[in-house]
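Notes to accompany the following structure.
Every chain is named by a letter (A, B and C) in the order it is written, and numbering of its residues begins at 1.
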Amino acid sequence: MSTSPSHLLSLRDLDRPAWNALLEQAERLSGPAGRQPLLAGKRFGSVFFNPSLRTRTAFDIAALDLGAHAVTLNVGGGLWSLEYRDGVVMDGAHAEHVKEGFAVLARMVDALGLRAFAGMLDARADARDEVLHAAARASSVPVLSLESAMDHPHQGLADALTVRRRVGERSKVVVTWAPHIKPLPLAVPHAGTLAFAHEGHDVVVAHPAGFELDEGVLAAARGLAAAAGGSLAVTHDRAAALEGARVVYAKSWGARAHYGDPAAGAAAVQAHPDWTVDGAAMARTDGGIFMHCLPVRRGVVVADEVLDSAASVVIDQAAARLDVQKATLCRAMGVTA
Amino acid sequence: MSTSPSHLLSLRDLDRPAWNALLEQAERLSGPAGRQPLLAGKRFGSVFFNPSLRTRTAFDIAALDLGAHAVTLNVGGGLWSLEYRDGVVMDGAHAEHVKEGFAVLARMVDALGLRAFAGMLDARADARDEVLHAAARASSVPVLSLESAMDHPHQGLADALTVRRRVGERSKVVVTWAPHIKPLPLAVPHAGTLAFAHEGHDVVVAHPAGFELDEGVLAAARGLAAAAGGSLAVTHDRAAALEGARVVYAKSWGARAHYGDPAAGAAAVQAHPDWTVDGAAMARTDGGIFMHCLPVRRGVVVADEVLDSAASVVIDQAAARLDVQKATLCRAMGVTA
Amino acid sequence: MSTSPSHLLSLRDLDRPAWNALLEQAERLSGPAGRQPLLAGKRFGSVFFNPSLRTRTAFDIAALDLGAHAVTLNVGGGLWSLEYRDGVVMDGAHAEHVKEGFAVLARMVDALGLRAFAGMLDARADARDEVLHAAARASSVPVLSLESAMDHPHQGLADALTVRRRVGERSKVVVTWAPHIKPLPLAVPHAGTLAFAHEGHDVVVAHPAGFELDEGVLAAARGLAAAAGGSLAVTHDRAAALEGARVVYAKSWGARAHYGDPAAGAAAVQAHPDWTVDGAAMARTDGGIFMHCLPVRRGVVVADEVLDSAASVVIDQAAARLDVQKATLCRAMGVTA
């Protein structure tokens, strides 16, 4: 819905040259070039509707390393609650509209970030990512998604960079559902699937029946995979998926059938404890690495024996956020390193 | 109550030279002069008892643009709850007294800001702005009000600057009450009234019966208006007020008769839906501009047709905060650009 | 439990040369040397499980003064809730483990701080300071305690520096329990006791029966006092303790017998109102100064007549935090001024 080429709202919006340019820029900026004043005097403002550790810290440090400055605002933590729908009478809890909020911030900074998780009440509404698109329309400067209902582009970029560094060649990559105590949004499995499709890997999305990803995202990922010489498959058979895998990318997410019913949603994600990634699961792979976006629940999503093993690259994944966020800041601010 | 001339606690405290100097400084700092290290090595600390988007972001960026640094602290968001009354036994919820809190902060920074909204339980107590004055007494460095019960000086300064830029000459300016879902403090209508009185406009404050502003503020505004060659009137007849207006400055506020009774207060502000500023209201003006301090509730305070029209200058108003806050920082830190 | 010599988890871990080096460095950095880019390009990240005014502001300014940058994260204020126990199935409220959280942050910054107050449910668990030690084990960069269950090293350092400046020579220093409305942790009385023991003062810890400090801390303090040529005594007789004292260091803390029973704990700290430090108490001393770490409850812990008198050095104590935190940052980052 956004027309500015310099927004970064979803990995679906990036063509192959743009995707590769970002990852190559991230790789360059991971070295000494990542600490020079390429963005001197620039400001990045970010608005978080939801918690964050990695994203906010990485943007703060990334901006600083490049001579810029990051301002972080938390909705509900000292910030007004924000409305995003058009044409509504604002007689409820929301004191400010995204239209004004983002238009104002855009007058003070050079790029804006927004984190707005899925509502998980209405899958169709989530699929429209309305807050994010409303913010992008209201902003006169580029808007970066710091995770929306549908996608988490910086996570996907960091994941792809980590696999480039660790595996390199075209490989079997399994995006596998995992148990949890409550239903979680789809943004990260979407991001991982899109990222590995962009990279031309042989992506297998494994989950129990009922945990289907968004069809539009899967269709986009199939197109990206085909264009990049890779493939995309979906299966309910995790054991078969793990055979020969070089990458096990674990994440829990909720079943859309239970949106709006948290108890049923929680029961559903607790109903498949055998999907926890443990040593036996990893033993099926071809010396695969274990990936997770963090935060991760030990003993629920993944066994300690895997997370604490040499196969786990989760800390490297998180550290790669610094590199990719430098790259997306440079892109948003029109600077090439 | 404060004796230091470099505090900025209320627009009432500024004489004409000081008022004009601030606005002229703000205008100068809106250009390239606003991005030079006039305040290199200086620090500004601000304490927020209430939410903020524009104020905190604008101070953060203003400080940065001038080579200084802003530290923002949220009461209740990682900060101790603060007592401000003298002589009390602190056996309740407040863990720290403003006396210590501000005295300590004053040892670490060069100027301090404080946001403390009205309690709306006792109009007389609100009129004393005790938290703000206690902070100013405790601080060895200048204290800036970032909105108190009685005034919002940076908002008034930004509003005056916006009208100078958009209208320029002496004009009819209507500060008009608007509906809401709950009673709000008087700080912003006070600030707007004082600011436009300082500017020598013909100010008309329009509101339904029962929504009188503070008498002390109105008396001060009358004095300022007279000194500046303007005028101040109060009316219950909005239609007449809007005739010939060049500026429509909308804001909702609560009726003091209902302080301490939120239900009655809410009913009162919902009882005049015809005071929403819509296209018909704007049509009565002399091509007037629409102003609001933000955040604003669409469809309640103002119709979308007005807020989204070319007459609306609300984003410019907010952007002007950056300019005036640079000016007040320079004043507080004894620097002239 | 931590092996890295550059962590600062407790004052118990510092030997005499390290203790003195920190205080001498702090004194040097209190002058113009405290505003030079000794730490240019360095980053300090801090994670707060609990509120803070002085600690966070002082680290922010200290880092800035030395050319570094501080990133502050609040658990529960935009940050994921953190688990710290080993081997647990994370099926409760905690979304992230300290192992991942601190390992990730350590990849982005040069040193980390952590504030995690006592749980006050289980004195033995508190004595192990598990969150802090888990963070130190997970971090590849030095970790500084910003107050744990057992100690508050930066407070103790600032207190020692303040007494060096105000009193100088070996003196009688009374760490005296004070009333409160609820039971508080032991970290500050521990820190004060350890700090004054390090300094070779004649330390008297005075409290009503039942308010014993941690035995391990007292044993450590006795050892430090002996090594420094001072002494440590514990008494229930405050009047005798105050005779001849040069320093009255007041603080309330809870009785460990009531851990897990907040009502009984509150009753216990309210049962000795005569322990409030008032003018009569100060009159027993040898012109003693009054110290408190802040925040302090006026009329409960200390009478206004004392806190507002010339004998009170509480603001200087807090201001000294800036100096000592510069010193601990330099130590953590391997820089000597």
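In this section, a contact is a pair of C-beta atoms (placed from the backbone, for glycine too) under 8 Å apart; a residue touches a chain by one contact, two chains touch by 3 or more.
Only a predicted model underlies this, so the values are computations on that prediction, with no experimental measurement involved.
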Set of chains adjacent to chain B and to chain C: A
Pick same or different for copies chain A and chain B, depending on whether their interface residues overlap by over half. different
Can you check how far apart chain A and chain B are, centre to centre, with Cα atoms defining each centre and the answer in Å? 39
Among chain C residues, those touching two or more other chains are 74, 77
Which part of chain C faces chain B closely enough to touch in the complex? 35, 48, 51-54, 56-58, 60-61, 64, 74, 77, 181, 294-300, 304, 314-315, 318-319, 322
In the complex formed with chain C, which residues of chain B make contact? 41, 43, 45, 69, 71, 73-74, 77-80, 83, 87-92, 94-97, 100-101, 103-105, 107-109
